[in-house]
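Got a structure for you, questions after.
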Amino acid sequence: MLELQTLSRHFGGVRAVDGLDLSVAQGQIFGLIGPNGSGKSTTVNVITGLFAPTSGKILFRGEDLAAVPTHRRLRAGIARTFQNIRLFGQLSVWQNLWVAQNSAEDQERQGFFARWLGGQGGVRAEIAQLLEFSGLAHKQDELAANLAFGEQRRLELARAMAAKPKLLLLDEPAAGMNSEEIAQLRERILKLRERGVTILLVEHVMELVMGVTDRIAVLNFGQKIAEGTPAEIQAHPAVRKAYLGGDAA
Amino acid sequence: MLDFFQSVSDGVLFGATYALIGIGFTLVFGVMHKLNMAYAAASVGGAYAGLLVLKVMAAAPPALVFLGAFAAGGVLGWLVYLTCFHFIPLSSPLATLMSTVGMLLLIDEVIVHVTEGMPQNYPAMFDDVMLRAGDFTMRGDLLLVFGVAVLCMVALMLLLYRTRLGLATRAVSQQPVAARLCGIRLEQVNATTFIITGLLGGIAGALIGASVGTLSPLLTTPLTVKGLIVTVIGGLGSVPGAIVAGLLVGGFENVLQLYRGVTERDLYVMLLLFVFLTFRPDGIFAPKGGRD
Amino acid sequence: MDFYFGLVQIIGVHTLLGLSAYIVLLTGQVSLAQAGFFAVGAYAAGMLTVLAGWHLVPALGASAVCGAGVACAVGFPALRIKGLMLVIATLAFGEGVRLFFFNFDYQVARGDIKVGPLGGEGFRQIRFFPEHGWTTGEVMLFIWVFVVAAMALLWWFDRSRYGSVLRAVGEDELAAQSVGINLTAVKVSAMTVGGAIAGVGGGLYAHYTTHIEHASFNILLATFAIAYQIVGGLRNVFGTVLAVIFVQGFLIEGLRFLGDWRNLLFGALIVLAMNLRPSGFLGARRRA
């Protein structure tokens, strides 16, 4: 599904991502972890097109993404959530989902006129589904800015799903959540996988990462220092060193 | 060929006034990330106020009139700060913009009312002096304009880079929150910036009046637009940029006046702006990124 | 009675100007160029009815097309300029348009008089309405047909996905891109629609005043366009109409008794208003 080949992104002298090789198979839930500043968010930003790679390639379903601008990548099937939530605060929950319906599938199904100038009727069922899934149906007309933090996170995820992605990049979705919320998030991610979405999960919160991923890659200083199943990673000495420094039991 | 050099020379000398106006816009933008649309109007207003000196003392030397304009400019600058930037929260950028436009209109109207729409003569210095080199001349009054403007710019640079106030100003322009946490009083720095740019503006207005010979309220709009063009070409926030751009625009404009006449001249200055916006939108000296 | 019809005419034309700024401002672009598109529409319609003998309705169609065309041309470079720089650039553009018409001569002989734009003197004798025997009341209604049409169009946009997309772009361009919105298409299309509406407004303006000149399309007019949004809030088109009625109706007419001092007060009032209510009067929906 997604392949990064010696991907690098430098900012002046800082090598945020340095020669990264990564391969995510279809239907996987792939974790990307690493200490602060290891290049996780930059990797997501490069995949979605916010930054161009300094060198290396990104292949999505076999296609080189180099020439594809950001908004087209969404259409190609890549959606993301933001670490610090970027909802459209002045739009309602319903509208936040509505503006995100830009998938290739939607474009083929509805004509240009209906998609842009049609009213809410045509997509009512679909958006209701998304609202159901994230438990926000009762707040559909509320301004996104007025939602509670947890609700905003759920909306952020739902909005990414509105685009019917094949690959979903989650950027630290569990930040600031308590155990109960993390458990609910885990359930939701697993349900997404059931629907056929491949997921790349960038995360700090180990409770989530270890409990939901099939495979994990560990970054440090922009480079991959380990890759394997959650169990393998937990036992890996280099990972320990990166997180805890030196020899820690 | 000589005509070309002559007009470039005259234009560049006059362009020093554009540079001063450009500095005024760019400094406020650099420190507060806001546009003070009333700046050129306040400069012209300061110049008019300088004429009040002649009301009091009919035979006052031009230098005193300039001094009056200088002081009045500072006062007007502070007034604009008070009415447009002191009370209005900085998080409403549209509000401050509109407010400065309101002040622009207000100052313009006050000038028209007080002078009853009649252009006023402005005293000049050294207007009878000419430096010659063969057929090439440099008007004494233009040289004075240039000289005074240069003096002001030097004084400003010294202020910005050699005094504590200048240091505080530069700190605020880069990180206002951190500056506050270091004990710098934001309101004081902002107000002072306005007063200083106001002083510069008053002088600029007086210099323009002196070299053209008359002041008219019709001056305000083209001066505002040209000042903004200078600011953009030089790079928003860059004082050296405004200086270079001011001289550039002055020379360019005068050469175009030579070949295409006064009425078309200003259109070409706009074109210059669009050329820059297309190829170098950050300006000649884009200031290093600080705030996002 | 004619006086009130005249006032409603002004309110109508200014509403079109305001609406043209409304759609552009939704996308987060602060444009002082709307008065420039307005001017283009005015001269275009005037020249077509006076010099080419067109009927007003197709001439207004041409105004819309011209306004849209110029706006589209402005819209593309505007993409690369953000925030305050865009304000400056659009201001310079508006002034450039004004200067262009200040220099623009195109006169044709009609009998023994010459008609057409004449540089600084402007364009006189735009007499379509008088020549066809329209009363002031009829002109007023005619203008408002277009105003209502423009309002209906923007109301429809607002209720459609396009409207929400416009506002999403205005709020957060990065997020909008990331959910698949094509910023170029959205911003340029908004600018183009705004240009078309302004063009029609200008065409109508030219015909009810019968005499236009460069000085009418100045910074003050450009400021009005934006001011209406601040006063009216960007919630819906009715805010814009109410703002125009308030500004043109109450303020300008109400202050008429002040005579010459009225212009003075106007600037002072803007300053006062911004200090008292910086977020506007019929403001955008507030955060709880």
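Just so it is clear, A, B and C label the chains in written order, and each chain counts residues from 1 on its own.
Operating definition for what follows: a residue touches a chain if its C-beta (ideal position, glycine included) is under 8 Å from a C-beta of that chain, and two chains touch if they have at least 3 such contacts.
Please read all numbers here as calculations on a predicted model, not as lab measurements.
J.: Tell me which chain's centre, taken as the mean of its C-alpha atoms, is farthest from chain B.
T.: Chain centre farthest from chain B's centre: A.
J.: Report the chain ID whose CA centroid sits closest to the centroid of the full protein CA set.
T.: C
J.: Using CA atom averages as chain centres, what separation in Å is found between chain A and chain C?
T.: One centre to the other, that is 43 Å.
J.: Based only on mean CA positions, could you tell me how far chain A sits from chain B in angstrom?
T.: That gives a centre separation of 50 Å.
J.: Go ahead and note the Å separation of the Cα centroids belonging to chain B and chain C.
T.: 30
J.: Could you pull out the residues of chain C that touch at least 2 other chains?
T.: none
J.: Any idea which chain C residues touch chain A in the complex?
T.: Touching chain A from chain C are residues 156-157, 159-162, 164-165, 167-168, 171-172, 174-183, 284-285, 287-288.
J.: Inside the complex, what are the residues of chain C that reach chain B?
T.: Touching chain B: residues 30, 77, 80-81, 84-85, 87-89, 91-93, 95-96, 99-100, 102-103, 119, 218-220, 223, 226-227, 230, 260-261, 263-264, 266-271, 273-275, 278-279 of chain C.
J.: Quick check: in the complex, which residue numbers of chain A touch chain C?
T.: Touching chain C: residues 48, 50, 70-72, 74-75, 79-80, 82, 86-91, 95-96, 98-103, 115-120, 143, 145-146, 159-160, 162-163 of chain A.
J.: What residues of chain B sit close enough to touch chain C in their complex?
T.: By the definition above, chain B touches chain C via 29, 33-35, 83-84, 87-89, 92-99, 101-110, 113, 221, 224-225, 228-229, 231-232, 236, 263-264, 266-267, 270-271, 273-274, 277-278, 281.
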